[in-house]
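Chains here go by letter, A, B, C and D, matching the order in which they are written, and residues are numbered from 1 within each.
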Amino acid sequence: MKQDKFKRIVIKFGIVFFIVMLFLTYFSKTIDNLLLPKVKISDVMTGSLSEYPDTMHTHYLLPLSSVISSEEVYVINTLENGDITVSSVSVNICGSDDLYYEVTSDFLFSDMQVVYMTSKEISDGDRVYIEEGE
Amino acid sequence: MNKRIISVMLCMLILTGFTACGNSATEDSGSKITFYTIKNWYSITEGSSIWDYNKHCTDSDKIIEIVEFETAEELKNKLSTELMSGGGPDLISADCLSAAGISYEKLIEQGCFADINEIIEADTSQDKINLSDYNENALQSGVINGNRYYIPFYFMPNFYVASQQDLEKHISADTKSLSYNDLIKINDKINEEKSDKVITLNADGYLWSYVYDNVDFLNKTYSFDVEFSKTAEKLKELKSSGNEIKEEIFNEFVISPYQIYEYCAEIEKKEETARVIGKPSINTEVLSAQACDIYFINKNSKKKQEIMEFIKFALSEKEQNNVTGAEIEKYDNTTSYYNGSYFPINKKSYKTLMNNAKEIKYLDDTAKISNKSSEQLENMLSQISDYQFPQSTNYMTEVGSELINDYVNGKISTQKFTDSLKSKTKIYMEE
Amino acid sequence: MTRKRKDYFTAFLFILPSLIGIAIFYIVPYIICFIKSLYIGQNFVGLTNYIQLFSNNTFLLALKNTAVFTVIAIPLLMVISFLLALFLNSFEKISSFFSSSFLIPVVVPIASLICVWQVVFDDYGAVNGLLNTLEFYTVEFFSSEFSMVMIIFIYVWKYCGFCVILFTAGLANVPKSLYESARLDGANSFQLVTKVTIPMITPTVFFVFLMEIIYSFKIFREVFALFGDYPNENVYFLQNFINNNYYNLNYPRLSSASIILSLFIIIVLLVFFIFERKHSVSE
Amino acid sequence: MKKIIKYIFLLLITAIFLFPVVFMIACSFMSSSQISEMLDFANGEYKNLNMIPEMFSLEQFYQVFFRRPEYLLKFWNSVIVTFPTVIGQVVVSSLAAFAFAKLKFPFRDKLFFAYIVLLILPLQVTLVPNYIILDNMDLLNNFLAIILPGTFSAFGICLLRQSIKYIPDSSIEAARIDGASYFKIFTRIILPQIKSGLVTLTLLCFIDNWNVVEQPLIYFDNSTMYPLSIMMSEIGNSDYGIIFACGVMFMIPALIIYFYGHRDIDLSFSDSEK
């Protein structure tokens, strides 16, 4: 009668709840990373395209696709709780060829990594998921 | 029906079997001295007495075995349960206790710690500790109702350094130590004159130390009288006006003689006379200092003599010279923390430290300290009679901090602030 | 073996598992605690701990507050849940949703409840907002005598559901015939309740009372969460005293205070046991 | 007319009881910024109990499930701690309660009185001695350190004794006459009749052990073994943003048991079999 039907529903709901929790425990990290924008990164290389580089400030070579809106680049930084976020750094371009831009910037350092390809629109301070491999 | 009961029993057994094989065997502590602390807490990091002792120790089973805990909460629970059930670590440091939120004055009251005098008498080795070659007043701070519970390794004087020109307008020349009212007077004058100077940047720290000074934890007295609430009200408004970076009158970050002389050299460079003065306190007649690097010995520890080796090492002239940087040739204020901090208890190294501090040059080897300032400091140091416990006990975190925050944010009135301070302190004291 | 002896043996067998467990985890600790309360450190001091305790006015304050809470909250909860049970009983057909919805408060986790109570009872909370619109002065629930009122409200709110269910069950056991006979000789509804219902449900009353005492010690999780270790003085309970001494590692004082607390309970229970024995119909 | 007033009064009372739960569930759908704004009391103006989220968002649940994986890990710690305790307590208590209620043996009432006193003892009393005992049994840092004391608590016995008492002695005597052993009586007659009492005990015992805080803090060393309830109290004073979502998730298992047996709970203490 009505009472038993209700009890059976509750038991089913209980079992489903525990299975969902098990599933979530197992997959929570992967789901979290799936939801994040996937980015590809490359290390910042110092160097210059022209033969006689001006030694006043260091020149960096960045992949063409990494420079967005003509003077902004996204750089990776990892917070202490392990989250990986991007922050925008302003650069001024002083030359380019078909592969690289030659830029100078006082916020850029050679041990940084720059984002050159992203699956979704990213803005300053967003969390991202770094995809390995070229 | 029976089947269900048996099946329930079975699954109980399986579960117990599954959990019982969990990792549990804590290996027995053997002969090493045990010491509990929080992960990379400064009392075990590079340059601390324990670190030096472990490096100095030749045979390996004499070193201090450090057990690190993830959070203060874990340390607190482990420490309190073990101490109460008669176990616990052999060596217990005061700052670990205050980090864990256990007030050591209550532990002392219950006799959890061993009396060091007894251990010294029982010590038969020839390099027995001779208490007379250490600063008597400082040692006296460790003696509580007749028992010596700790020997402080170092102390920090409660001094400020300021230029006489700033102070003479407000305070007479012969006041040895500031009172809270002096502080308020100076602050009011500064605001009137719109001068670009400010007492100190963390002005709301004074309310904390004022509340703390009004409570005497050992003989359980406290006085939150009408005078207290008047001063507390003014101290509340002491916030530094505006947030532009202003120059501080008082340099309060005073840990070693080198730092004091560095400040004096800076003042003397501006052709002003430097003045060393006691920090604001209730009883302005007495100059005080803070005993630091305090270690207690667990009463039920079976390794008391081994711990004495550690204490002898920490009090030895070589170690005290090394920590206080008594023999450094050049003072560099960026690395002052490692090769020149605290004042030593050991009389010999105290002498070498003070002489060395007089000789060497400051402000990147450009200025020597004037005799007038060095005599002034040495005279003040000799007058220190009250060596206090380090500031933080459980009282401030449990009772004081919440009330002060509400008071400073204006959530409660002064009357309510003093009343609840009185009632909560009464409960805390008599518990 | 005589049949009686065999009965004792089987009864003993039934009790055995719980007896062993209770012995290891409750009786032995209680004895250790009692022994420890006679010692300070390693030396036997006899009753000095207890004498010291009674001269310590924080302990007396705590005892007073606990007594005030027990004397007010437990009968109040008893009366409210009894009236609610009667009220529910007066409905002929009632969906079980209502009677069991009272049990929901027990299920709610404490951590989120604390936020709810803060929103309701804080100096700037909803209640004070209401009071202000009606021009009353704001009631400081967190730092005045009203904090006791607040705790009693939380206690009643949380455990009323369970007591109502116990009482409805007790009321259901009262045979209908008694009501008819009482109504026949002209008892109005009030006399009906006092003369018939109350005497019939004394065993339930005792059980509800027992449950209320057990739960009155569980309420302290909320008190700690709301007020912290050092509440203002009119809400400083014996549990706070014991807990703070636990953190001050003062085991002699902690154990002697707990022994006195358990004596306090034993006396109250004894009174009720005798009361129940005298009045109980069955048995 | 009188009937309507009664119903209104009933609705009012149910509202008072259900308000915190509903408020909590409503808040768990609010954005965490709205929550922290609601819970900060320094800005002076009075709080109203609006339950309508400005911006309905599952942000809190997203935070709880995907940004803090340790929440889920600790959920399973709680399950490991609570389920054996509840099963153990039901089994042990039903056996003992049957003996206390129906079987005659010397010192029965005195022993039961002792059980009740031990049950009401404040936790701090037994915490330190238990620590010593568990240390000797080498059970520290092991889930059993909480399961065993929980299983043998006297709470279940005193609850089930009450519901067993309502079973008429006649049925037991009858079974006794035709030679059934006490164990058979227990399993055949007693257990089916106190099914609702067992459900009530399961619910109450589950809630008690699901919210356990003090014991794990003392008996466990590493924090990876801590159950969910400790994390709940930590969340309480750290980030308010997800407190309500955590609360709702924390409550669901208990609600499942409650909804399963809420009809039984009503009958658990009465003998009339509806």
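The rule we apply is simple: contacts are C-beta pairs under 8 Å (C-beta built on N, C-alpha and C of every residue); 3 or more make two chains touch, one makes a residue touch a chain.
Just so we're clear, the structure is a prediction, and the values are computed from it rather than from any experiment.
J.: Using the stated contact rule, I'd like to know whether C-D or A-D comes out ahead in C-beta pair count.
T.: Pair with more contacting C-beta pairs, C-D versus A-D: C-D.
J.: Taking the mean of the C-alpha atoms as each chain's centre, how many Å separate subunit C from subunit D?
T.: 16
J.: As a quick test, compute the distance in whole Å between the mean CA positions of subunit B and subunit D.
T.: About 45 Å separates the centre of subunit B from that of subunit D.
J.: What parts of subunit B, by residue number, touch at least two of the other chains?
T.: Where subunit B meets two or more other chains at a single residue, that happens at 84, 411.
J.: I need the residues of subunit D touching at least two other chains; which ones are they?
T.: Answer for subunit D, listing residues that touch two or more other chains: 41, 91, 127-129, 132, 263.
J.: Viewed as a graph of touching chains, is the assembly arranged as a line, ring, star, complete set, or other?
T.: other
J.: Show which residues of subunit C lie in contact with subunit D when the two form their complex.
T.: Touching subunit D from subunit C are residues 7-8, 10-12, 14-15, 17-22, 24-30, 32-33, 36, 84, 87-88, 90-91, 96, 98-120, 122-126, 128-129, 132, 157, 160-162, 165-166, 168-170, 172-173, 203-204, 207, 210, 213-214, 217-218, 221, 225, 238-239, 242-243, 246, 251, 254-255, 258, 261-262, 265-266, 269, 273, 282.
J.: Mind listing the subunit C positions that touch subunit B in their complex?
T.: 40-41, 56-58, 61, 123, 143, 228-230, 232-233, 236, 241, 244-252
J.: Per the contact definition, I'd like the list of subunit B residues that touch subunit D in the complex.
T.: Against subunit D, the touching part of subunit B is residues 1-2, 5, 8-9, 11-12, 15-16, 19-20, 22-26, 70-71, 73-74, 77-78, 81, 84-85, 409, 411.
J.: Quick check: in the complex, which residue numbers of subunit D touch subunit B?
T.: Residues 41-42, 80, 83-84, 87-88, 91, 127-129, 131-132, 135, 138-144, 147, 187-188, 191-192, 217-218, 221-223 of subunit D touch subunit B in their complex.
J.: Residue numbers of subunit D touching subunit A in their complex, please.
T.: 65-67, 69, 72-73, 75-76, 252-253, 256, 259-260, 263
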